[in-house]
Structure formats: structure tokens, C-alpha cells
Amino acid sequence: MKKNIAITPPMGWNSWDCYGASVTEDIVRKNADYMAKNLKDFGWEYVVVDIQWSEPTADSHQYHPFTELNMDEYSRLIPAPNRFPSSADGKGFKPLADYVHGLGLKFGIHIMRGIPRQAVHNNTKLLGTDKTARQIADLDSICHWNTDMYGVDPEKEGAKEYYESIFKLYASWDVDFIKIDDIANHYPKKEVEMVKNALDSCGRDMVLSLSPGPAKLEEAEHLKQFANMWRITDDFWDQWKPLYEMFERAEKWCIHSGPGHWPDADMLPLGALRLDYPDNNQTQFTEDEQYTMMTLWAIMRSPMIMGGDMVYNDDFTLSLMTNKGILEMLKKARNSRPVFRKKIDGREIVLWTAFRDGGGKYMAVFNLSDEAATFSIDLSETEIDERDLTELWSNKVWEVNGDYIEISLNPHGALGFICK
Amino acid sequence: MKKNIAITPPMGWNSWDCYGASVTEDIVRKNADYMAKNLKDFGWEYVVVDIQWSEPTADSHQYHPFTELNMDEYSRLIPAPNRFPSSADGKGFKPLADYVHGLGLKFGIHIMRGIPRQAVHNNTKLLGTDKTARQIADLDSICHWNTDMYGVDPEKEGAKEYYESIFKLYASWDVDFIKIDDIANHYPKKEVEMVKNALDSCGRDMVLSLSPGPAKLEEAEHLKQFANMWRITDDFWDQWKPLYEMFERAEKWCIHSGPGHWPDADMLPLGALRLDYPDNNQTQFTEDEQYTMMTLWAIMRSPMIMGGDMVYNDDFTLSLMTNKGILEMLKKARNSRPVFRKKIDGREIVLWTAFRDGGGKYMAVFNLSDEAATFSIDLSETEIDERDLTELWSNKVWEVNGDYIEISLNPHGALGFICK
Amino acid sequence: MKKNIAITPPMGWNSWDCYGASVTEDIVRKNADYMAKNLKDFGWEYVVVDIQWSEPTADSHQYHPFTELNMDEYSRLIPAPNRFPSSADGKGFKPLADYVHGLGLKFGIHIMRGIPRQAVHNNTKLLGTDKTARQIADLDSICHWNTDMYGVDPEKEGAKEYYESIFKLYASWDVDFIKIDDIANHYPKKEVEMVKNALDSCGRDMVLSLSPGPAKLEEAEHLKQFANMWRITDDFWDQWKPLYEMFERAEKWCIHSGPGHWPDADMLPLGALRLDYPDNNQTQFTEDEQYTMMTLWAIMRSPMIMGGDMVYNDDFTLSLMTNKGILEMLKKARNSRPVFRKKIDGREIVLWTAFRDGGGKYMAVFNLSDEAATFSIDLSETEIDERDLTELWSNKVWEVNGDYIEISLNPHGALGFICK
Amino acid sequence: MKKNIAITPPMGWNSWDCYGASVTEDIVRKNADYMAKNLKDFGWEYVVVDIQWSEPTADSHQYHPFTELNMDEYSRLIPAPNRFPSSADGKGFKPLADYVHGLGLKFGIHIMRGIPRQAVHNNTKLLGTDKTARQIADLDSICHWNTDMYGVDPEKEGAKEYYESIFKLYASWDVDFIKIDDIANHYPKKEVEMVKNALDSCGRDMVLSLSPGPAKLEEAEHLKQFANMWRITDDFWDQWKPLYEMFERAEKWCIHSGPGHWPDADMLPLGALRLDYPDNNQTQFTEDEQYTMMTLWAIMRSPMIMGGDMVYNDDFTLSLMTNKGILEMLKKARNSRPVFRKKIDGREIVLWTAFRDGGGKYMAVFNLSDEAATFSIDLSETEIDERDLTELWSNKVWEVNGDYIEISLNPHGALGFICK
């Protein structure tokens, strides 16, 4: 681990949930502007351009198969200048990164594992080796949902040089964050190691984020060593079922989070989503579900990457992203763990605790049932000795009767406490 | 949970590892005397008579199949007076419990799930019901390693009354701890619930301990609700392999420990063991392995039940059982978790941390390799902010250089730290 | 293989389906009389007394657990004289066997794998060894549905002598057929081999039949070597579902039938069944289902063991058991195999063919659907070159148009053809 | 089934084993000439051009990834004229098929499932629909060992028209046999059905052969309905291990062979193989293994497709292909089945029988051990009543002593008998 990378769970914004493959430089700049103005002080910093920035005709969440991508002479994808005008004349993402850096933020990009199919079909050159694209490709290793790339066979001569050549390019653009796709679930270990080694030798610190999930629990120690964050689910969207299922994933992965290595519950589908579609643009989560998501992400210490176009944030959405107590929990929770998951009066209640760096504890309580729940918690049973409790969403000091507190939760609702 | 039961992991002594089925009242009294004199102040309190105390001819770890057990008219096993003289004249374990209580300690017994086969074969009476032994037995439910009992079919009329009748008997003896056997691994849920309900209605608090393991992780929430401790392994003995394997079990179960419910790594095979055998009576663990076991049990918060005959304790064994820092870790560790398990210079190193109730943290480091290990730990990576570290076995203040400490570990060795 | 044993699939009668454990000598004699008079000429020959003939109080299909069985001084079960009067005075089944033999028939008995529990509990003597019952028992090997026996551990000294002692006893009674139970499905190979070796050395030829199923296909070659017939299903009763499922079992096992070794589809639940129950005494199969069963058993060459009390046979039942063509198919079919199982106009149709010893072929057609079916069969596709077809149940010469025949089948109905 | 197709197992020659992808028209003609002269009278008839006849640069068993294939304007592959000169000027395979037909033989070609990748990348036209190549392709359905094609998505409009267009083309060439590849093991059912329907509507009878295996046993009835032959193994070569393993496959599949539908044990790797390699060109099978292969293929009724270049046949190879008795067994065996597979004196011996169309039986005996075997067979146990036995490879009348014959087999050797 490089100590200055991802010491706490990364926080930022990503263009996928709102624009799919079709984001443009203008949108990125506007979201960066918004973040700098409204969110930077709360810890939000990464601005990430998601998939297919080299595809000139991308216009939605649907990919155009076999369309021509923008590529340099060494088989490396470069931004499509019609969508990212500042990238013209071989400047790549450097001007946009400069802009983001100028706002005091950090800049990230998405890449696909492998080498462009068009490079393999045309058998183009590679940088730093006399091998060619076709010679390093693994022709049986394709992505199941996108036709851009073939996998790279790590055993092939020239493979290492190819991966080094792309990370050198990203370093020359001053990129701070790489989200690499089609790699976390099937987890081609040798290719992961080659990616990480190429990053480590590129001369610039970058967060390495692996997608999509679910990553395999049995690879936890390898993931901790070779990545800064990795997806523990398939793509997460604004529906209750996957949010409900996240609790089990969180239980399994919670012992594996720590400085530089974070199990990632995926982007936050909040606010304005799917803007390439005519309607259904607002998150389908209820407000309670949004509290639940933010509270779980915070206490389990998942990276928080906003998925909606922030320019359209309403007050509620902005309030979720600027709750200082919750965001402090994300940074200061330690040894987070589920304490119980049980039926109380027929409601499925989950309770987590964590210690707080600097003193005190955190406690989060969730109602996973479709009905409201009212019950007492015996703090001594949960090993909470503190009796000064403040609920973080309401900023309300909670009444404690001896060892007991009373809880009322809406369906799918959550409360988060700081205990001092 | 009854709040006064097993708030911290139970500590005590059990007769199995040293005497198998053959323990006698005299041995129990001597071990109780020893505990009262040497260990009580360190938190050790339960004195537990293990299996087959109703078997008059028991003489080793090998059971005598189909031998006649001592039983009352209501199909309830009672102590064999030739082995437990004070139990004569229908007094049962009451006199021995009185003796143990008089020393300021607590008294426990082992029972087998089910109803005696001899009661079923002879179809004897039950207390509080006109049903008979054969009518409540599940004839296809036998223990695979002992012929004493048939299982009880919880659906049968009279089954509830039988379990209530035995717990009433134990309550009349003033028993404080029940270790119930042949139940934790295959886990007949309905029978477990019947046992717990019988205990709850018997009028006396008793710790409920389930054996043998491995219990199933997917039953964790049920176990937390219906038992105070449950075995997470098959019988554990003084060999490195099962100790090594305990680390994986500890990782899986650590989120499920808490007041009143403790995953149990089994008895401590320390000191004088297998005294029914002519030789091989001393634990086969190296001193380093003993440190490792005690450190792991403490930080994962497993119950600590001494397995050796304590009367024969040597100084080293006694020192293990009286290390105040380690035993305080057992009681005060909170949110314990493994932080990493990785190869460092080819050695397999495991590191756990926990918070300390009342302030500070604990950290334990283990070398699972057969070779000695020397390496540095970056405390900031393990989220230990404290810089005042004392190693608990050596009581040595540890040198901290900035964020780093240097560790040297013998093969299979361990260190435990309190961090303030 | 002994060449004079089970050269064709055994045919006979068994007392289980009609009387469970409660059959008496009188009933056996009456069924033997009936067989001699009505069925002997059609090949029926074995008269088999099923389970618990040593249990004096047996009165139904329900066993009495732990009841005292009739046993000799060497731990060997012997008939209960109150139920089998001729067995008194140590004569065992010899007088009854003599009676059956006098009718020109053969005599068989059921036994349970293992050694009586009462012998083990009382630790009684064995013949031909100084070991005792408890010393050869496998105390963890019990039958899941009957409490009479413990398994015998083949590794124990004295085990071989025990099995030899019981087969010597059966040989002294002139038994011709042993149905051994609690052995075919879990298939304790070493115990099976010990049983077969004891039989082979007892001085008398006996058919060895293993129950209950399902036997495992992967043990087919071992079964062929060590048994004459073995059950391929759990107990089979007069319901369509298990009859439907028999077709898949028949497909899998058909290549494993041959002289001396027969996959056994279980007894024929025809006519008067369950006579220990007040009603529901007649087979629940429709007439079509009975044709289907008899036709399948015949072409797949399963042993045919009548399960009903034959004294109550009605004309239809008797007609099923005396169809010469069907019974000739059972004996003369060779290389039987399913040719297809397919949907024709939405009906699930199965077709089998076999060659006929001595010339010609057999063909059986089944309608497994709940609706009637009408369709054509192209004989050339089924490799039937013969054009002279007689249907065996109707004894009707079938019209053949070129290569085609027309078939109409009732729901669950069957036709069987001899093709010359 | 069309009755005139594959009534008995197809016999022929295929270019793969000897030339991989590199066969030329000249070689095909020479093998056709050889077959017409030496083998036609023995039933050999299909001359099949294997994979990549549209690839101009193919030169070995190794494919050239992404090389340009010869394709017409409707996305249909056509022969490369540099390798198949008579195909020039849009004539396709018609002239070569005419030549083969002129010799009294039949002509077949290999195709890959799907649509050429180059058609998809260039999005070319299809015949009979306004959809284009990219619109019917399934981009996630690729062959794992060859880059020529994408799968076709049967749900897409235009897919049916594409498959019809290629079969119409093959019909216009007068093709008699289609070996379709990348389809039998993973078995995309809907695509198989689309292929069969396209064939059925093309106006010409063709044998449909599916590759590569292993096909799934649970698809047997679907395969019987939609194909004439299907591979039951992965590519089979001249090594003992896969030949040994074929016995188990033969056991499982034997009940599924019949007129028009044949489980296929793959080509016969005999004589001159791998002629694109500098050495190792002669089959590695021993003579005994070749007898074993031919005997097993014959009695199990697998298609027999010669894999070696027949022009180089030595006398032994030719003798294998012209043994009238063995080839008659291939055609006349009925209801073939394994009778036993057992150890005799430590040798693993397999025995099959079949009935013979027209009278008599076949019997084949195999020694699967590495040592020679000598033993007796009791013909009555195998249900062989005939006593006039002729061994087919030696044409020797075998001595029968009562029911017994004596067998001596070399390691991996076989004998085949006709019994009358």
C-alpha cells in the first residue's frame, strides 16, 4: 500500500448512473464545478469519467457494438475529441484533469481490461515492444456485455509492455483514479497483478478500483494486496431488493476493510439518474431507503461514489451528501461489525456497531421489514457503554433510560448514532 | 438473554481432557480447591463434571456400550454413588455443588441430548406426564459415538415434560452450567429450543453450552438466541493442525460473539492430560503454541475452559492462566476482528485488533509458519493510532518508531499488545 | 454365479404388501396352495415370508420397537411359534419349507442385515467363535425404520462366523430364497460380501435378494457379482407417480440384467393389499396401470413377486398373472432397451424393444400421459423387421400397413407385442 | 426422420485428422478416387471437407485468427479458389460434388455454427431479409478455439433467413452431409433447431452431424430428433486413454442409437495422420488397439469416418477398413449392450452382445488391461445360445466346449464374434 492512497474510503462522483456511455466534457466540468462549490468541504473529491470516452458516437447506456474507437498508433484508446474537445491534438485527458485539479479535486477515468478488438483485428503496434496487438490478446477472453476489447494473456511476451504503456499514458494525463472493468467478478489473477504492477511503475499514485462484482470472498487477501477498492455486487441500482441483499454482503466483507483496501458496495444511485432516458430520471428509492443506504455504506465503510448528475441535486439529496456526522462515521468508524440480525415482533432488525477513531462508538439500526417497527435496545447487550447518544440524521440527542433506548423505524428505515 | 449469564466469556475447568468419562468426586474437589486458591481471583469460576457421571464402571476415555447407568424412577440419570459418594441417598449433585459454592465457585455438569436407551428399552415412566420413555424417543436419532441415549422427538407429547423434569432436577442440585452434548454440529433445532425452554422455566440461571462442533455458521443467529456458548470445532486437542485451522474458524465466527453468546473454540488442552493413559500425559503443544492458543482465545473472546488436571499444573501452565493482561483482553476486547492474513517474506502472518472497553486497543500478531519471522508493522495501516504499546506476555513496553514496530516471532508464536 | 440360480427373473409371492409384519403360517400355506393350484404352471414358484417372523406380537405394517424377538442361544432369530406353530420345538422353518416343497414350490424368508439389538444389549453368545454379540456389532450402524438390529462390523473378529452361523441355520431349514433388508440403498460393501460368502459356504443354493432401494447405479458391477436381485427403488406401492418414475430407472438399469443378476423394480401391488388396515384393501392402480406395470416389468426383466394375498385374487388379477405371452417375454426377452421416449401430439410415449430367445422380437408401447393417445409407429425406425405382430394382452393379431401400425392407448396404458 | 438418411451408421472419410484446416481439392479428389476404387463396395461413401475451406491461407491444424475468409455478398462463406480451383467464378463446391458423385460417392462439408465475424464487423447484408449480419449475431457467443464466427441469436429477426440462405447454397452445390461445429457440447438448443429446420426446408437430403462432444446424455431425446449423429467425446486421437474412456461413453449412449440417429465416437485416427507436421504421421495405436477401436465402433454402432489420408493406407489399415464381418456388424447389430465389465484374474474385461438383423448374434470381448488375459466365457451366462461362433478378424471358427469358449487377448486387444 502506498500510504497516501485511499486511507479512508474514496468519495466522489461517476458519470455512469446518470449518462451511461454518453457523458461529455461539459457535463464533467459542471459536476466538478458543483462538487467544488458544494461538496468539497465534506470530503468529496474524485470526479470520474466512466466507460467509452473513446467512442465518438456513444449516446446512451447502450453500447454500439464494433463501432470504431479513438485509438493512437500504439493500440491505446484516447478520448473522442467530439465529446471531449480539450483532448484534441493528442492532449488526451490532460486539459480536463488540469481543470479538475484547478478546482482542488481529483480526476479519474474508467478503462476496460484488455486490448481493443480493433487493434487485434488490425494487428496494430504496441509501445516498447516489437510484439503486436494480436500477439498478446487472449482471443477466448471477451467481455460478456461489451465488444470493445479482448483480454490480454499475461503469459505472452509484450503483455507487460502494453499495460505499462497505457498507465504511462494515464500518468502523463495526471489521472488520479482508475476504475478498471470486466475484472472483479471472474478475477483473472495474473492480469490483475499485471495491471497493479503497471500502475505501480507508472510514476503517479492512482486509486485502483475493480469492477464489476460480486468479487469472491475467497480472494479477499489478494484483493487487499492488489486493489484499493473492489465491487462486492453486480451493478447496484435504486431498488429495495439489491439494497436488502447488501446487508448479507456487508456482513461477509466487513472484516476486510481498512486503509488502502475497501470492499465497494457500488455507486450511490441518488438524485438524477438515467438522463439518456426520457423519464424515470429520479431515484426510485424512498427517503427511508436512502437513509438506510447512506447509513450502511458509512458504517461498513464502503467507498461513496455519487451516481446522479449533481447539478440537478434537490435539497434532500444534497442533505444526504452533506451530513457531517454520517460522513465522519465513514472516515472514523473502526472495527465495524454487525451485532445482530434478528426478528423483533416479526420485524427483521439489523444492528451494527463500530468504534470511533478518537473516542466513542457508532451504532446503526436498520428495519429491513416492510412494516414500521418499534422496540427497545438494551445497550449493555450490544456492548455500548456510552450513554450520551446523538442520532446523526436528525441531530437529535436520544433519551436513554438506564441501559435502554426506544427505537421507532419506518419500513426500510435506519438510524445512525454517535455514542459518547 | 438473562443479563447476569455469561456477560463475558465463561472461564472454568472441565474433567474431560484429563479423565475422560472416569472423573471422581475426589478429583473434582481437588481441582475446585486448586481453582479457589490459585485462579479464582483471575476470573476462573466454573467447575464442570464431564460425561457419564451416572456410569458406575467408567474408567477411561473409552465408553462401555450398553452398560447400566444410574437412573431414577422417572428415566433421569443420577450420579453413580461409587464415583460420587456424596450423591448417595438421592442427594444427587447437591452436596458437591454446595462444596464448590462454598469455595466461591460455580458448579456445572455435562449431559447428553435425549433420553437413556435403557429407559426406552424398559419403557420407564416420566415425571409430569403419563407418557413413557419409549413414547417420546426418536429411535432413529442416535449419537454416533456413545450408546447411552436416544434422541427425543420434540413433536411427541411428553417430550417437553421430560426435558423440564431433568432441568428441575438440576436446579434442585443448584447446578450453574449445563454442557449438553451430541447437539451442536447436526443441530436439531426443535430439540435445542425445547432444551432452552426447559432451562428457562426451571427456576435457576444456568449457562447453556452446546457440544460438539463444528456448529454451522448459517445457524449463528439461532445459536445466539438459544445458547450461551457453542462449539465451533470438533474436539480440540494439543496438536498444531487443529490450532492452525482455528484461525479460519475464528475469522468466520468473530462477528457473532457478545454478551451472553460466545462461539467456543473448545477446552484448553494444557498441562496434565489423558491421565487414564499410562504416558503422553503432558500437553504436546510447544510453549509458543500455548501462547498462540491463549492469545487467540482471548482476542476472539472464546470461553476459556481448562482441560488439564490443575493440581499438576507446572509454573508455566499456571503463568498462562494467570496473565492479567491476557485475561483482561478476554473480558474487555470489543469488536475483535482479523485485520490481515498474509505472507510476509514467506511467513504466514495473522494480525487481529480489538478495541478495549474503557479505552485503548488490543492487537495480536501470530506467526503460523514453521519458521521464525521478523518483520515490521505499520500501525497506521492497521488503524492503531496509539503509540504506547505493552506486550502482554512479556509485560514489556514496545519500542515504536514513528508508525512502525518491529516484530520477531518464533515458529507458531504469538504476541499480544495493549495499546494506549 | 451358480448356474442353477435365478437364470430368469425370479417369480413368486411375498407377504409384505398384504400383511406387513403380521403374516402367519396359515396365510403362507394358503397362498402356497393357491400358487400350486393356479400359478405354478405359469412359472411362479417362490413363497416368501417377509419381515419379523420372529416377533410374537407383530400385528400390522407398524413395528413394535424393542419388543422381545424369538432368538436362540447363539443370537440367531428363530420363528415365533405362536405365529408359525410348526416351528416349535426348535424346528424352525423346516416344516413349513417342507410343506411348500411338497407343493412343488420354493420357500424364502426375509432377514434384516446385522445382529439383534437384544443380543448386543445382553451380549449373548455366537456360534463357532468365542466372541460375543457386542463384540461384532457396529453400534453406530442402525436401521432408520426398525429397531431390531445393529449392523455387523465386517472388520471384527467373529463377524464372519456369525453370518455363517445364520446361513447354516437357513440351509438346515431348506430355505431357497433370502431377502436381506436394510442393505441395498446405503450398500455397505464389505457386509454385502460377507453375507454372500456366508451364503456360498452354507451348502445350499439360495437366491440372494437385496432391499430396499434405490441401489446405486455406480455399484452395478458389484451388485451383479454379489447378488441375484436388488431393488432399484424405495418401497413401491400402487400409485401412478412411482410407476411413472420407474421408466427412468428402467432405462438406466436395463443393460445390467442377465442370468443370475436382476435389477428389481419391487413387488407387484396387485389385488388384495394392506389387509391389516380396515379398508383401502384393493390395489389403487387402474387396469391400464396394471397392464403398464406388468408389461414394463416383463420387458425390462424385473423379478415378479406378487404382493397381494392371492387367495383373494379376482379374475382380472389372476388374468394378469397368467398371461402366457407376457410371462414368456419376462423369460425370453434379450437385450431389452428403450428405443425412444418422446412427445407425440403432446403425449409422452415410450417404446421398448427386445429380441426373443428362439426368434422374433418383443415391442412394448406405453402412454405415460393422462390423456389417451393415438398415433402411428414406423416399424422400420424401431428396427422391427418382422411384420407378423400379435398383441399379448388382447391376443390380437395386429394390422400392419407396410411399415406402419396404428396405436391407440388409454391414459397410462400399455401394449405388448410379439413380432415374428 | 427422413427414412433415406443415415439408416445405418454413416461411413466415410474426413480431411481433419490428416490435414487440419489445410486440405485442398487435389487431396480430396485423390481420396475420393481411392475410396471409389478400394472401399466403396464395403459401404464407405461420404467424402467430407473439414473446417476452413473458405480460408485462403490455411496451412495446418493451427487457425490464423482474424484472417480474411472468402465470403459472398450475403455473408455466406464460399470456398477459397486458390485451394479449391473448381470453385472459382461463383461455382462453389458444385464441381467437386459433381466429381464425387460421378464416382458413385457422396459429398460433405464442415461448417461452423453462426455467422462470420467479418460479416458482423462490416455489418454486411443477408439474403432474404433486410436485416444485416450485426443484427442477428449474438456477440457474447463465440467459439473458444476459433475466431471465424459469432453465434446467431435465434430470437433475432433475420436469423432464420440467414440459416436458410446457407442451406439453400449448400443444396445448390448438391451437398449430402453437413458437419456443423461448435454446437454439440454446449448445445444451444434453439440454434440447433433453427439449423435443422433450415436443412429440412432446403430441398435436399443431407446428413446432419454435430461436433464437438461430449454431447450431454440428458439431451439424448432432443439429439435423436434434431440430428443424425452427434459427438459423444471431445476430439478423439490415437491414444489409449481416450480409447479406454470410450467404453464408459459407449455404455451410456448405447440405448440411443438407431436408424437416423447415431451417437458418434468420432473419426478413426488410422494410417497417415497430421501430414502438416514433419513427423509422427502414422497412427500411434498398436494393432491391438486398432482392432479394439474398430470392434467397439462396430458393435456400439458409431459412425465410421476415416481420419487418415487413405492414399497412404498400408495393407493393415486397408484390412481394417475392409473386414466384411466387422462392417456387417456395424450395419446389422441390433439392441447392442454391454453385458459385463469386470475383473477376471486381475484383467479388466468387457463383453458386449448384440442381436444380428437376419438371425444370430454378435459378441465382442475386450481386454482393457495392460497385460495379456486368458479366461473362459460361459456362453449361457451371456445369454448366447448359439454354438457356431466365428471370430471376425481372424475369420476363424471358434471351438466351443459345451457352454464354454476359451479367450486369449493381447493387452488392449479385442475379438469380435458372429454367433449362429
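The first chain written gets the first letter, and so on, giving A, B, C and D; residue counts start at 1 in each chain.
Note that a contact is a pair of C-beta atoms (placed from the backbone, for glycine too) under 8 Å apart; a residue touches a chain by one contact, two chains touch by 3 or more.
Owing to the predicted nature of the structure, the values given are computational and were not obtained by experimental measurement.
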item	value
Labels of chains that are neighbours to chain B and to chain C	none
Chains contacting each of chain A and chain D, listed by label	none
Intercentroid distance (Cα basis), chain D paired with chain C, Å	43
Rounded Å distance between chain A and chain C, as computed from the means of their C-alpha atoms	66
Multi-chain contact sites of chain D, meaning residues that touch two or more partners	none
Touch list for chain A against partner chain D, complex	65-66, 120-121, 123, 134, 139-140, 142, 144-145, 147
Of all residues in chain B, those that touch chain A in their complex	1, 3, 221, 224-225, 251, 254-255, 258-260, 334-342, 353-355, 357, 359, 378, 380-383, 385
